[in-house]
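Both complexes shown next keep chain A, but they swap its partner, so chain B is in the first and chain C is in the second.
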Partner chain A sequence: MPDKFDVIVVGAGPAGISCAYHLAKSGVNVILIERGEYPGSKNVMGGVLYRKMMDDIIPGFYKEAPLERPIVEQRFMMLDKESALTFGYKGLEWAEEPYNNFTVLRAKFDQWFASKAEAEGALLINETVVLECIVEDGRVIGVRTDRPDGEIYADVVVLADGVNSLLAKQLGFHKEFKPNEVALATMEILKLDKAIIEDRFNLEPNQGCTIEIFGDATKGILGTGFLYTNKDTLSIGVGTLLSGLIKHKIKPYELLEYVKNHPMIKPYIKGSEPQEYLAHLIPEGGYHSMPKIVGNGVIVVGDAAQLVNAIHREGSNMAMTSGILAAETILLAKMTGDYSENMLDHYRMKLMDSFVGKDLKKYKDATHHFDKFPQYFEKYIPLMNQAASQMFTVDGSSKKEKQNKIWKDIGSAGEKMKIARDLVRAWRVMK
Partner chain B sequence: MLHVVACIKQVPDTKVAKLNPKTNTIDRASAPAILNPYDTHAVEEAVRLKKRYGGTVTVLTMGPPPAVKAIRRCVEIGADEGYMISDRAFAGADTLATSYALTKALHKISQIRPIDLIICGKMTIDGDTGQVGPGIARRLDIPPLTSVNKVVEIDKEGGSAVVHRKLEDGYEVVKSTLPCLLTVEKEINEVPYSPMPNLIKAARYQPTIWAVSDLEDVDRTQLGLKGSPTIVGSVWAPPKPQGGEILQGPVNSQVDQLMDILLQKKELFAVKGGAS
Partner chain C sequence: MSAEKKAVTIEEKQYLLRFKADTKSHLHVLSSDVCLTQCPDKICTIFCPAEVYKWEEVRMHVGYEGCHECGSCRIGCPHENIKWEYPKGGHGIVFRLG
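== the complex of A and B ==
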């Protein structure tokens, strides 16, 4: 007799673990299936963990979770070939409890988070791949795994299997990604002495810094680079839309090498030793690309539902919130014994009403816009660098003369109109 | 119906473990804890015998509370029951004290269900001694059969077991009385991908845990550090082999060259430490 559970959660990333945690805590018989050797073993993220959503799930988690550094400074770098325009904010209020955000290494964090779900009674099964959902009369009633005697059954299956969810695809919930709906990110974890990190990034022990890099980090292709401080490692990476890589015929690791060797970046990572190389997809299609996320007996959460805010590099937090909302919906469904699509649609409504849905909607055209008009990355960032260089170079000419020169350098009146139009457009998609 | 007990141990995965540069001991935090690889084959063999003859597979370990994970892994492979002895008094045990403590636990298990066969891994990958298995056999006064790479037959009625023992240049066929203790080579079997029901059972499984006070007739001076006469003089990491030479030419000439090199190394032929 195959085992029957209340809920099967596929995938132990932030979405799946949050969902399993919340269900188990509420006394639901839930099994969490992960294909990796342990949760997090295959997961990739820069990564900034947002305190708020995690704190909602496990209050005060930062007192015991394996975190790298609380982030006290966020910098933004507009990169040109041999210059960078940098701005940022550093606030010591972020160095104190309850903190703002943290850098994390997912291999450690996910494992810890999953152990918390286990402690609440969730059954974690590692090293097991879910091959497909078992569908009967148009309802998902369980999953088939790659194990011998591998079928298990449940009232609801939660698909938290991450970006490019094969399981949701098999159910016909979404189609193959288009190259402009998905980004490919590559990153490296670089080993560097703790004291050197603190020295180089102007940090006290137990303080961290994030640098988001725009412009030449991606050779003008739409995307971003990042450089984050961990305890005794740095995370450096770069992600671009697949369409950009194809168009410019660049291989992702070439781009990473380029960033690592960029004269504005290289000094930060000098003397570090590569420890790990990782690559992962990020769903960036946003609101317009959202697949179907509920069906009879099935709910899709996290990256599998393409819940990522590419503009603000938020994903793990949306994954967590969606996992919790799915769990709450399942608890509701359990009271009525009704697991139909109609009932579970409550999840979709809740989600679209939360910050997740609202932010996805707000930025629904942003990625598409910047993809369609490459001049922002290709042209305006270099222009900003030139302007800054002009303004801050002391060469005897008056500031007024400098302004005139900058204004002239931007180009003809037509060119200026075009930039003004682009700025308005950018404002519209971001506002 | 056979009752087979496998004695197992949780060890740091020495494939990834790092050495503490100061003490030259394994830095346990640097590696995940796994079921000793030889022991997975011991448990698998027990499970195969159960499938062949019917019966029960029990696993026994001595270790700190997290070693429960190793027992769960055994349940995934197909073990029915798990026992763990865990107590501060066991800490610091060498192979002598370990075999003493495990023997006491085996006595207690045999009161619950008489034991026909005990299987251990050939050795652990963190200690590499291979002494605990034979130590248990000696203390129980049953035959130890080491380096077993095949179990031909277990005849419970006739009270005998026939196994192959691996030798340097082949194997020997040995017949023993039952109960006896086997230590097994990795090649004895392949551990298959465990079935889902076992995984679910394992994830829920809580082994029976005994403290010293749960065991009978225990002489506490024989436990843990106190009961361990082993003295570790010093520990060092073996130097990485350096230099070397790749011989060229046809095989015959390579052999000749090699012989020349070896014969010139007088130190290889000197008798060390002998009376002159």
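== the complex of A and C ==
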């Protein structure tokens, strides 16, 4: 193996593979280094892959990629102990090309995507950990791996090393994250007969459904549960800020069991058989937690750059866009032979000007807000459930009497003022 | 339904997984003394999603072989008492699906 490449990409997830694919396709000599046995073997997500960003990279990818189901319905459950207020959208425009999004299993998908980058000429090296960046005169000039004589050099190093990004930390691009900047998600893949999935979730073959679950799924802690349909499995999981688990002294796998056994959830997964249990961190600090993402000879992409929109459960799409923008910037830099921070800063500007930067900015205070004021999840979701129960239970009292009772049950005038203030605050961080 | 596999406990969940364990640990508790004297909660034994950390009277037992490599312990330890690295290339957890 030669020890000098044009570009080194560290990490074969959506960001790293997108970047390596685009570079290789443009004739750049690129090496993609993955620490797992194969791409995807260390990678976890709930399972929603958005079509648009992937389609921009490989047009019509859905005709050959290992996908589970196109999503035709997205439901949202506001969960209380023994009830749920549910809403959602189902649209058959999502059931046909070009589709909106799909459920995927990452171990399969990432392997396939990496093989496409290899076919374009990228050199994929598995089972190799990058221990550190080699820095000379304030410039990243390569990486040191855990292989014998494992030093590799390049004009640019792209850090796509995931949420923990030890490499960006080593470079001083960010400090250690705090427990309220990351969510710990656990999930299980449950085997269930195709036909049962379709019956239970009201689906035709090759249609899928996602359910996001708020409130009692996380026992009122900031976070969400989810239940997604795959071909012949379900993905069920729950994620909360690590700080929430610490504060409430909750074991994540017990919380997952709590969700699985919740009376509103249990019937969906009845008779299924666990295939795999997975845990992973999600960067949820948002805009305020973004590290420095460009340096001399180095660019940071994907989860390593904290590119996740927790409110809309988007991440892999942002990772792909960041990978492509990094690749485009590197192609520009290659023309001038200038790989300085100043030149590569083009990537940061493009990224912040794209939907990635705009959405991160839009929700920059959302996670912090809902973390700081736990009443949204702890109190208001149960209140909404009680109000719905009150209004829809026919018991001989008039609707006006019911409204008065709901109004009275909310509490004192002070309580009502507090809710009004919280609604305004929520609007401000979400608008 | 008695034959149904449930994987309720963490031991049963971990049993679903494939690991290619390295011969040495990639996780190091820097000082058991800190756990013993300064950390009454031993919170890592609670939030670790794989129950890697177990307190054994005077020392922290680290079952690194079952680690998901998520990074929670490094970030969540209130005393920054855990040295956290990736396992050697090709080792550690091997997800087959999700």
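The working rule: the second predicted complex is superposed on the first by the 429 of 431 C-alpha atoms of A that agree within 3 Å, B and C clash if a C-alpha of one lies under 4 Å from a C-alpha of the other, contacts with A are read in each partner's own complex, and residues count from 1 in each chain.
As a working rule, a contact is a pair of C-beta atoms (placed from the backbone, for glycine too) under 8 Å apart; a residue touches a chain by one contact, two chains touch by 3 or more.
Fair warning: this is a prediction, and the values are worked out from it, not measured in the lab.
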Exercise. In the overlay, answer first, second, both or neither for which of chain B and chain C A:R147 touches.
Key: both
Applying the touch criterion given at the start, work out whether A:T128 contacts chain B, chain C, both or neither, answering first, second, both or neither. both
> Of the partners chain B and chain C, which touch A:K178 in the superposed model: first, second, both, neither?
Replying inline: second
Now for A:T103: first (chain B), second (chain C), both, or neither, which partner does it touch? neither
Chain A contact check, chain B vs chain C, more residues touched by chain C
Mind working out whether A:N385 is in touch with chain B, chain C, both or neither, as first, second, both or neither? neither
Once the structures are superposed on A, label A:Y277 by its partner contacts, choosing first (chain B), second (chain C), both or neither. second
_Which partner chains sit in contact with A:D3 here, chain B, chain C, both or neither? Use first/second/both/neither._
first
Chain B and chain C footprints on chain A meet at residues 128, 145-147
Within their complex, chain A touches chain C through residues 35-37, 40-45, 47, 105-108, 126-129, 145-147, 163-164, 166, 176-179, 182, 184, 186-189, 233, 235, 242, 245-246, 249-253, 257, 271, 273-281
In their shared complex, chain B is touched by residues of chain A numbered 2-3, 31, 38, 123-125, 128, 145-152
Within the complex, chain A is touched by chain B residues 32, 192-197, 199-200, 203-204
Listed in rising order, the residues of chain C that touch chain A in the complex are 1, 4-8, 10, 13-14, 16-17, 20, 41, 43, 46-47, 49-51, 68-72, 74-76, 80, 85-90, 92-98
